[in-house]
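For reference, the structures are reproduced in the following blocks.
First chain A sits with chain B, and in the next complex the same chain sits with chain C.
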Partner chain A sequence: MSAPGEIEYTRVRDLHGPLMVVEGVNGVGWDEFATIALDSGERRHGLVLEVDRDLAVVQVLEDTAGMDPGGTRVAFSGTPLRIPVGTGWLGRVCNGRGEPADGGPPVLGSVDAPVGGAPINPVRREPPTEAVLTGVGAIDVLTTLVRGQKLPVFSAAGLPHLQLAVQVAAQATCGGEAFAVVFAGMGLTHADAAFVRDGLAERSAARELVLLLNTADDPVIERLLTPRLALTVAEHLAFDGGRHVLVVMTDMTAYSEALREVSAARGEIPARRAYPGYLYSDLASLYERCGRIRDRPGSVTVLPVLTMPAGDITHPVPDLTGYITEGQIVLSAEVHTRGTYPPVDPLGSLSRLMRKGAGEGRTRDDHPPVAAQLIAALARAREVRELADLIGRPALSAVDHRYLDLEDAFLRRFLAQGADENRPLDEALDRAWEVLLTLPPSQLGMIPAALLDAHRAPGDDHPGAEGTPP
Partner chain B sequence: MTAPADRRGTVPDVSADALAPVRAELVRAARADADAVLARARADADETVRTARAQAASLLEQARQDGVRDGAAEVTGERVRARQDAWSRELAARAEVYAELRAEVRTRVQETLTNDAALRTRLRERARALLGAPALITAADDGGVTADAPGRHVDLTVHALTDRALTRLGAEAETLWAP
Partner chain C sequence: MGAMTFPSASQRQGPGDSGPAHVLRVAGPLVEIVRTSGVAMHDMVLLGEERLPGEVVAIRGDVVTVQAYEYTGGLAPGHPARPRGGPLAVRLGPGLLGGVFDGLLRPLARAGDMLRAGVRGTEPDGRRLRFTPGVAEGKRVAAGDVLGDVAAAVPLRVLVPPGCSGVVGWVAPAGDHGEDAVVAVVDGHEVSMARSRPVRRPGPVEGRLAGGRPLHTGQRAVDLLFPVARGGTVAVPGGFGTGKTMLLQQIAKWCDVDVIVYVGCGERGNEMADVIEELSALTDPRTGGRLAERTVTIANTSNMPMMAREASVHTGTTVAEYFRDMGLDVVVIADSTSRWAEALREFASRMGELPAEEGYPARLASELAAFYERAAEVRTLGGATGSVTVIGAVSPPGGDRTEPVTAHTERFVRCLWSLDRDLAYARHYPAVSWADSFSRDAAAVAVAHARAGDPRWAERRERVAGLLAEADRLADLVELVGVTALPPRERISVLAGRLLREGVIQQNALSPSDAYSTPEKTAALVEAVLTVIDRCFARVDSGVRADAVEAVDFTPLLRAREDAGPGESAPVEAARDTMLERLGATR
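And then the complex of A and B:
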């Protein structure tokens, strides 16, 4: 009887892109983790994709470039890839495979867990509740992130999504409860990786951060592993360690492209835009690992960031992501062009679980009506702007002009925020009120009268303003 | 033709008397205007000075606040850098200790194999058990063995045995640096 990994197999029949076919294997199972030794002394790693009698197809994480079939030995671990988990990860910076990139020893843990994760029993799932406050006014007020939720950021090339992801990761809190952030960067340039490290230095120094960085020049296949490592570490920190954990994964489009590359190498029949047909279920296997579990402390909240190629929201990656997740934060090129950061499109963004995290006893009692009224007013402002393009501003009514003023005030007073500004929720809501009060009270019908009276300045009635041309 | 000259000579005297109040009023009005302009100029000057002083005070206050904020940001940045440096050094020290542990384990395994013939025999038996009797067994330079059969290889060198031992040790290695 051999212990797993003791026997190395030496008959490599074929090397093809990221795939290696080994023959003569015995007792090897699907998804097993493999260690590959090269004659040069280098060690690489792989996962078994397929087994057929004595043939095993191994996906090599570091790619097969430079490998000699005659000088390669492969040992199978007997189990899917497992990693040590625990608080040893906090404060560490690792590459996309979880190997230290910070000069420290390997990350150690008293227990280990499979990176594939175990699906949460639906019966034991608790619905998401309570907010994760990000310190970004537009997110906290209009698309509140709720503990256990999966809320993606839809962006496009050239927009500051990485800046926003880093800001959220640096500032997010859970009302004083134990909190940690796991940041998984995929396909980042070295400049972006340095930006992430610098931006999260304070959180890392406070041992509240796990940073996994797969850079653009790292093996593409490694990207398939990075989010799974991040989620495995997060699950343990949350459900065994009692922390609320925010997992930021950027860029999921780079991840999906890696999936497409492997799928093409395996000769699978391509689906939309050559992505594999199982892209939906693969993305779901990641996003669905967030949540809360009954009788267990902590929560895992997922904030995936993805870039929409050519800004196309119907592209398979944002499209399928939208089916799985509970809302989206959309970044707008138009708002970005106007010089406003963060360029969140308030009308395209939505947090479906916001009601579970906002309101009396959670954030502030005026939060839900203010958010709803602000969105409604911005929708009307957009209509007015389009109308003004057709008939000219002089033909608009006085109230219409107030809506245009509101849109302007929204951009300047509410949305605009420094990239290092941690805006408290109270201040963000007060700014929302300031923007709303640009309108006459008669236009604020979604806000209860008592709340409106409490926030209106005396004499702010503007009688006769409605319907009168200027 | 002298009458007109007489009329002209008489009229100036009468006109001079008649215009005296006008002249006086003009002079008075001019002086009043001058006084008003002067007063306005003085008021403007006072206002300008007041505004300049207020602006200077405001700028000073703003500069003071900016200085406090920049100073606080600098202190925070410095504190973060210091914590990071300390943590980096701690990680480097841990890595060094871990590498020393690995080297120590390797040395001890090598010594044990060198001094214990029975253990060397057990390694060979283990290799044969894994690959079968016809396996080709080769003594490794570091004291262990390797074994080969068609398509299969077993590595029982000191290097490989050390790696496996440390993997099994797992988090126990943290006792090297845990408080």
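And then the complex of A and C:
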């Protein structure tokens, strides 16, 4: 068994793509971490993808560019990669490999943990039931994020998903309980990376944030490590440190492309769109690290952000993500074109755990019926709008007109929100009421009569006033 | 990789020496070891000092390929590999009931918060169970005969194991025993409550039966239109968000079998936690105890080791056969078989097998067929009737039904309950499409219903299917020209479709009275709605305007499914009479 720095192997046989084949190794195990020293003095890092007798296939995180087989020394750590974990990460900004990018010293910790993690025992999982409030009305009211959930944002090129991710990361809270955010950026442009750092500076200064940023010109293969580091740090902060931790991972499409690149270099048999057949399991090994554990405080909530290539929701990355996650927040180019931020598509979005995380004792007792009624009304409004496009507005019935008003009020009064506006849930729900009351009470059948009476304006009772916007 | 000679690879073991072999190559779950004598295909091997379980999947020359059932990080060439001299097997006993296990049937209850790789015991807790002898000493018995009863949520039996027969030399008196205690001696063989069975070989039976006994799932869309017989096979394809898991969970809760084996195969951890919690909270309508007590849950979530996912569906079926052999009806629910197929593909690709469609190995179709073929209604070795019904979810990527797993599965199953995205998005539960689903058991089930005193079952099914198809055909037309442009009778057909969809087919999974429906309630609802539809047709035939009929408030009829309890028919009939009265008043 090799120990760190003990044996250096120099017989590099092949270099191709991100892969390096070292021969003459002895006792090197699968998935071990490797440190690579170049004659130039540069140090790179790698993971063992395969060991075959005395050969080791190593995936080089920084890519093999500039490496010369004659001037490369490789040392194996003897174990899969472990990183120090603990509160030392809070308030730090690091690159995608976890090395400081803020001019500070390397992050140290008294404990370390394997970056691959270990599956949570399904029997020991506590079903998620309490909300994480994001201060974004559309998310909190319509697709409530629940502690321990994995809820992705499906976006497309040109939409403000990064802005939304940063806003959520900056504003999210868990009802006053200890909270932290781990933000993992993969393949971000420098401008985007700077935007993330600026937007989250306050949270970072409050030592509630861990920022891991892999930029677009950073090594592609490093992106395979970034979310694993983020989740390993988050798990410790949550399950040992008792915090509720929100892990934001953006962009998972960039991550999946790195996975495809390695798979192609290894000559693996491709599945859909040349992504490897294990894309589902690989993504699951990340997303499934969210959750709550019985008898332990803290939770890990995962918010992956991904761009759907060409806006195609059946593309393997959003498709497989959708199979693993518990719902999705879909951003809509159409809403974005209308100039509304955040451009959430209320009908395509869904939080499967909302049923358990919203309502009496969790958020507010009127929350579930209001959300359900709003979605139903918007679905009807969309049908009316399609009909209006066919037959013209004048031909619509009086009630149909009110649905068009509702859709308009929804965009203006409910959905639209400033990118730095932290909207309390009460205000967001009140705005939802305001939007709903554009409709006559006869159209609000999903709301219990008592609730409806309590929220209607006093002058609304006589028949003549029915449907007057409040 | 080029075949390099590893120094110690040449030190071959002598014949008969079953000492440890060693590892040659590791690539994720694929491990190659040096061949030693006595290693057979599908034998179990323990890898490394951690003793990670694995199974032999190929033997080529001096190299044995093993698929590892745990994370192999740190495993290196030269590490020991210990063949166990027998196939991958699981331990089956009455204590399985109520338990939650991983893909290799190792109990999860005592495994800690995080699952680390390594050996974990397969022994259940030290519970003692009540044994009552059912055979006298000195009696001659054969394989499958009953030696005694074991008290549990469902009556269990201790049977003479396969391949064993002779005179009962001793049988334990009534009393509490551990699972491994000997409770009888047959022809010198000690028999305990628990026994070991290889997972990949179907258990022996006397013969297969023709089947036809209907399995009531409590879900009307299925029981009425696409029924499955006990011992049948069902595939449930549906894209994400179409409610597959919801439907399967409802079936697990309500279907009328003795034992449920729920295999969570590569699916969500939170969902699994939810299933486990709900099953242990629910009262069993049959026994009054908790539903979990007659359920065996196998949880191999998507982030648990991939190859154990591959084993888990076979493990589940093996458990089901164990209970079937006692003369019980068992359902295996596998969610999702696509994740199982992906594990097959992953390993085939690492083995360098030639890919067929979309990277899946050419044997995908036969593997699927073999899995579903273990479902059957059988005459057991002991002469009892038992059944294993298999219900498998399929998750087609991108909702594409032509992809290999869906396409092949459709060929091998008796029933297909295809979930429709549009129905699901319209919050219509269960989103079973009446246009894209089928049941090849329907004729046999109709005969069984007729024999049980419901001769009109087949007729009702045919009517409902016909009306739904007609309404669908007209719906396309209505989108173009509007409903008012249709002739009166066709307008009533559109209305009939709506009444059937909302009043019969749709169900409220969260309502205590509508979450499941007994055959009697389903029959009453269908009869009521069909009677009302007939009256609607009669009204327009007698000259009443179609819009007058459409304007009738049908709410009592549509609410009947929630107003009537799961087994009640009277409120349904009352709703029907109210409707007939209202229709009578139309002019």
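Couple of notes before you dig in:
Going forward, the second predicted complex is superposed on the first by the 454 of 470 C-alpha atoms of A that agree within 3 Å, B and C clash if a C-alpha of one lies under 4 Å from a C-alpha of the other, contacts with A are read in each partner's own complex, and residues count from 1 in each chain.
The rule is simple: contacts are C-beta pairs under 8 Å (C-beta built on N, C-alpha and C of every residue); 3 or more make two chains touch, one makes a residue touch a chain.
Predicted, not measured: the structure shown is a model, and the values here were computed from it.
Superimposing the complexes on chain A yields a three-chain arrangement in which chain B and chain C fit side by side. Contacts of A:Arg124 after superposition: chain C is touched, whereas chain B is not reached. Contacts of A:Gly88 after superposition on the shared chain: chain B is touched, whereas chain C is not.
Once chain A of one complex is fitted onto chain A of the other, the partner contacts of A:Arg380 are absent, as it touches neither chain B nor chain C. In the superposition on chain A, contact of A:Arg272 is made with chain C only, not with chain B. Judged by the touch definition given at the top, the superposed model places A:Val28 against chain C, while chain B stays out of reach. Of the two partner chains placed by superposition, only chain B is touched by A:Leu108; chain C is not. When the two complexes are overlaid, the chain among chain B and chain C that reaches more residues of chain A is C. Contacts of A:Glu326 after superposition: chain C is touched, whereas chain B is not reached. In the superposed model, A:Arg364 lies in contact with neither chain B nor chain C. Taking the two complexes aligned on chain A, the least Cα distance separating chain B from chain C is 15 Å. Common to the chain B-facing and chain C-facing surfaces of chain A are residues 23. Those residues of chain B whose C-beta lies close enough to touch chain A in the complex are 76, 80-81, 83-84, 87-88, 91-92, 94-95, 97-99, 130-131, 148, 150-155, 164, 170-171, 173-174. Touching chain A in their complex are the following residues of chain C: 1-2, 4-6, 9, 24-28, 32, 71-79, 100, 108-109, 111-116, 240-241, 264, 266, 268-274, 276-277, 299, 301-304, 306, 339, 342-343, 345-346, 349, 355, 358-359, 395, 397-400, 425. Chain A contributes residues 2, 5-11, 23-24, 37, 73, 84, 86, 88, 91-92, 100, 102-106, 108-110, 112, 201-202, 204-206 to its touches with chain B in the complex.
Only residues 1, 23, 26-32, 49-55, 57, 78-80, 114, 116-128, 148-149, 239, 268-272, 277-278, 280-281, 284-285, 288-291, 293-294, 296, 314-316, 319-320, 322-324, 326, 347, 350, 353 of chain A touch chain C when the two sit together in their complex.
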